[in-house]
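Two complexes come next, and they have one chain in common, subunit A, joined by subunit B in the first and subunit C in the second.
And now, the complex of A and B:
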């Protein structure tokens, strides 16, 4: 086994929650509102059951190949060649996600807070911390997640509670005014981003301590995380209105700017930004880890440590070249990234389920052997 | 030996993370703008920046002669070019985030329109949208910002606080934020109305320190009625009553004082403590109807007539009268605005959209022409809860 660390279910769900909030707390309102306008909060809620289905499929896939990570499972399930092909697809996905998250943090900081600092300097610092975190293994990452989650949760609640007085429910009207089509389009955003990007689960589950309540806990956690995001969308529309929610790239940062309690509790957006960088960092670190671990399983290495530094360099470079400017990047994540997420989190896992199912029914007994070997 | 080089290298690397001040801006190198004025000069924008002089406002340096603020002006084709050009005259970098008021000249608002400037201000990531937007009535924006004010040393702060308090305590004024204004400019169902500010008195004396020396200032800044915006351009002004009616309809009134006349002779002043207005759209036989309902909790502030206000019947009569007055005020406002300016500053269109988006799709293209046929129903409820610390007035006991 490449990774010797073990995390508990509690640590796993902490990581899931941080990944779900991650960068999305910043960009999710803008993305979903650009489809469903003032009904975005409805979209966000409608998407939750479908998102749960996605997570359930991912968990099923793991059940078919227990004890094996995504990459190992692909090899044993699909065979050498096809397995390698799909593995490369996923590794590429993890790598680009890491770079995108890095870019997101960099873009956010250089747009709103440290305007004169070059993007690459921010990326460098971010990647250095990623390298540092991943080189200590999943156990340390999960433990620090436990440390930081209360802080993140506290500040998100802060934001929600302090901005509610400025909300105007009339801005939600006309309810269902944008039409069913737009609302469903918006719901695909919910399925793709907060849920779809949890494919990383398949890399973490083999190292999670086996506990009976694991699946139930995971499902409850993703519901909590997505409800939190829906609340942010709802409040953002009530306070900023659909127009500004859609056109402010970082709507929840603007929300934090608006906080003003009794003329003294105000201008606290920098603190909020710090917390969002924390959650974005955990998302980045998780995908970084998934890539490094997956790549070394793919290459049958004995340790993933040698890959960390080179991967960091690649991420640093990718983060810069992934998009020439923020407009390109925003239009990509709004319109095209959804398809990629859904392919990786729903389409391919469904295909895998089918293959595994038919193989266990008709095919050789290789899979059954794998089943009995662990779990 | 190798260990030591490693440690040294690590320490050197860690230094990199400690710099952290890439884009630092030192306080004593910044010229903090409190008020920004926008004027028109040919095709260009002329900005006037009211910049604080820190020594002039600090409390512990004793009395310093000279103005507490200074005014820099520059002209450029776009807002930020002009602002950047301020460095030609200002010794410090112009720092925008603490801006309190954005003043447009009447000329600029009427002919160029406010959209472009607002867009630039909202786009700037450093500026929070918590400043107030106003239009200088009958003067340039520069002359508004070029006026010294007593009580509040920084004139932009005076403008800000004065409007803040007035909007909370006096029905005809309201505050207008940049992002709300921007939203109303692009929304087809509503047109904005912007606070007007006027420079009164002896204009020549406005900028001189002597303006602070006299008990009654020679020149002063005063808020007047609201400016009516069509598209992004100013097309006219509301008078005080119309502004009041407008604010009642748009739920901008919090506390205020008004009066009703006594059945016999004289007036009774009512202090509105809490006021809430609601607008509701309804569709009756394919035709939109707007209901405007105002609810006000009031107390009696003064009684200048011989009515026995200790009598419950008199109180309910007063309530009825105040309600009727409110309704006629709102009716007058709506019919005047629609007749004179043909704009929907009340947001009736927005309300129809919120009630029945499909109907609104059909009405939207010719909305301003359909405004005069729009059915608006008004209702008001005034509740007089308290009468102050006297019951009956002593008016009927005044010696002949």
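And now, the complex of A and C:
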């Protein structure tokens, strides 16, 4: 077993919440509003059941191959060649996600907070911290997530509660005015972003301590996380209006700038940015870890530690290369990114489920014995 | 100049990790690590010098453009 650390269900839940909040509080409202305009909150709520379906599919796939992470399961389920191909697809997915998270953090910091710093320096610092965090293992990462989550949750609730007085329900009208088609398009964003990026779960599940209520806990947490995001979208539309939400990339940062309590507590957006960097970092560290672990499982290595520093260099390089400017990954690539997320999180696991189902029906006793002996 | 520093970093990383791997005779890990280091050095040099290369996400666009067009036809 490559990874000897074990994380409890509570730590897994914390990681899931932090990954969902990750870089979504900033980018998500803009993306979903570009489809559904003032009905983005309806889209977001409609997408939740479909997202739950995605997570349920992922959990079922794990049940079919207990004890095996995603990459090992692909090899055992699809055979050597197809399994290798799909594994490379997923490794590419994890690597690009890590690079994108780094790039988004860098872009946010260099456009809003520390404007004169070159982007590459911020990337370098971020990658160095990612390397340091992952080299301590998944247990330390999960435990520090447990420490940080109350802080992140507190600030997000703070943001929501104190910006509500500035909300104006008139901006939500006309309700259902954009038409059903646009709302459903927005719902695909909900399925892709908060839920689709939890494919990393499959990599982590084998290392979780077995507890009976694990599946139920995961589903409840995912619903809570996406409800939180829907609330942010709703508030963003109520306070800023659909046009500005769509065209301001960093919607909740603008919201935090607007908080003004009694003309005394103002301009707290720097604290919001700090909290956001925390959660983005956890998302990046999770994907970094998934890539390194997955690559070691793919190449059948005895330890993933030697790969961490080189992968850090790759992520640093990729973070600058993946997009020539911020417009590229905010507007050009978003439609294709959603497709990619849905493929990786829904289509391929569904395909895996069908493969397992048909093999258990037609494969006969040989396969059943093989499956039960690997528990 | 930049290339020199990047190569220096890569060699330093390799040298710090090599003794442990040699002691355990982990040749596969050494090969994988060397491969990743080479890839990382090339990408880092490109990124630091801001050489303009087409983004790997273009692959995504090539794969999913037909899918998106299909859905557009379906719904309009």
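We take it that the second predicted complex is superposed on the first by the 363 of 375 C-alpha atoms of A that agree within 3 Å, B and C clash if a C-alpha of one lies under 4 Å from a C-alpha of the other, contacts with A are read in each partner's own complex, and residues count from 1 in each chain.
Here, contacts are C-beta pairs under 8 Å (C-beta built on N, C-alpha and C of every residue); 3 or more make two chains touch, one makes a residue touch a chain.
Bear in mind the structure is a predicted one, so any value in this text is a computation, not a measurement.
Q: With the two complexes overlaid on their shared chain, look at subunit A and say whether subunit B and subunit C clash or fit.
A: Aligned on subunit A, subunit C fits beside subunit B.
Q: Which partner does A:299 reach: the first (subunit B), the second (subunit C), both, or neither?
A: In the superposed model, A:299 contacts subunit C only, not subunit B.
Q: Quick one: subunit B or subunit C, who's touching more of subunit A?
A: C
Q: Looking at the overlay, does A:112 come into contact with subunit B only (first), subunit C only (second), both, or neither?
A: In the superposition, A:112 touches subunit B alone.
Q: Check whether A:181 is in contact with subunit B, with subunit C, with both or with neither, and answer first, second, both or neither.
A: second
Q: Taking the superposition as given, does A:168 touch the first partner, subunit B, the second, subunit C, both, or neither?
A: neither
Q: If we overlay the two complexes on their shared chain A, which of subunit B and subunit C does A:121 touch? Say first, second, both or neither.
A: first
Q: Can you pull out the angle centred on subunit A between the C-alpha centres of subunit B and subunit C, to the nearest 10°?
A: After superposition on chain A, the angle is 110 degrees.
Q: Can you report the least C-alpha distance between subunit B and subunit C in the superposed arrangement, rounded to whole Å?
A: Minimum C-alpha separation, subunit B to subunit C, in the superposed model is 11 Å.
Q: Quick check on my understanding: which residues of subunit A belong to both its subunit B contact set and its subunit C contact set?
A: Correct list for subunit A: none, the interfaces share no residue.
Q: Which bits of subunit B are touching subunit A when the two form their complex?
A: So the residues of subunit B touching subunit A come out as 17, 22-23, 125-126, 128-130, 179, 183, 186-187, 353-357.
Q: Residue numbers of subunit C touching subunit A in their complex, please.
A: Contacts found on subunit C: 9-10, 13, 17, 21, 24, 26, 28-30, 32-33, 36-37, 39-48, 50, 52-53, 55-57, 60-61, 63-65, 67-68, 75.
Q: Which stretch or stretches of subunit A touch subunit C in the complex?
A: Going by the criterion above, the answer is residues 96, 120, 123, 181, 295-296, 299-303, 306-307, 309-314, 316-324, 328-329, 332-333, 335-337, 339-340.
Q: Show which residues of subunit A lie in contact with subunit B when the two form their complex.
A: 111-112, 114-118, 121, 125, 128, 170, 173-174, 177, 240-241, 243-244, 257-258, 260, 267
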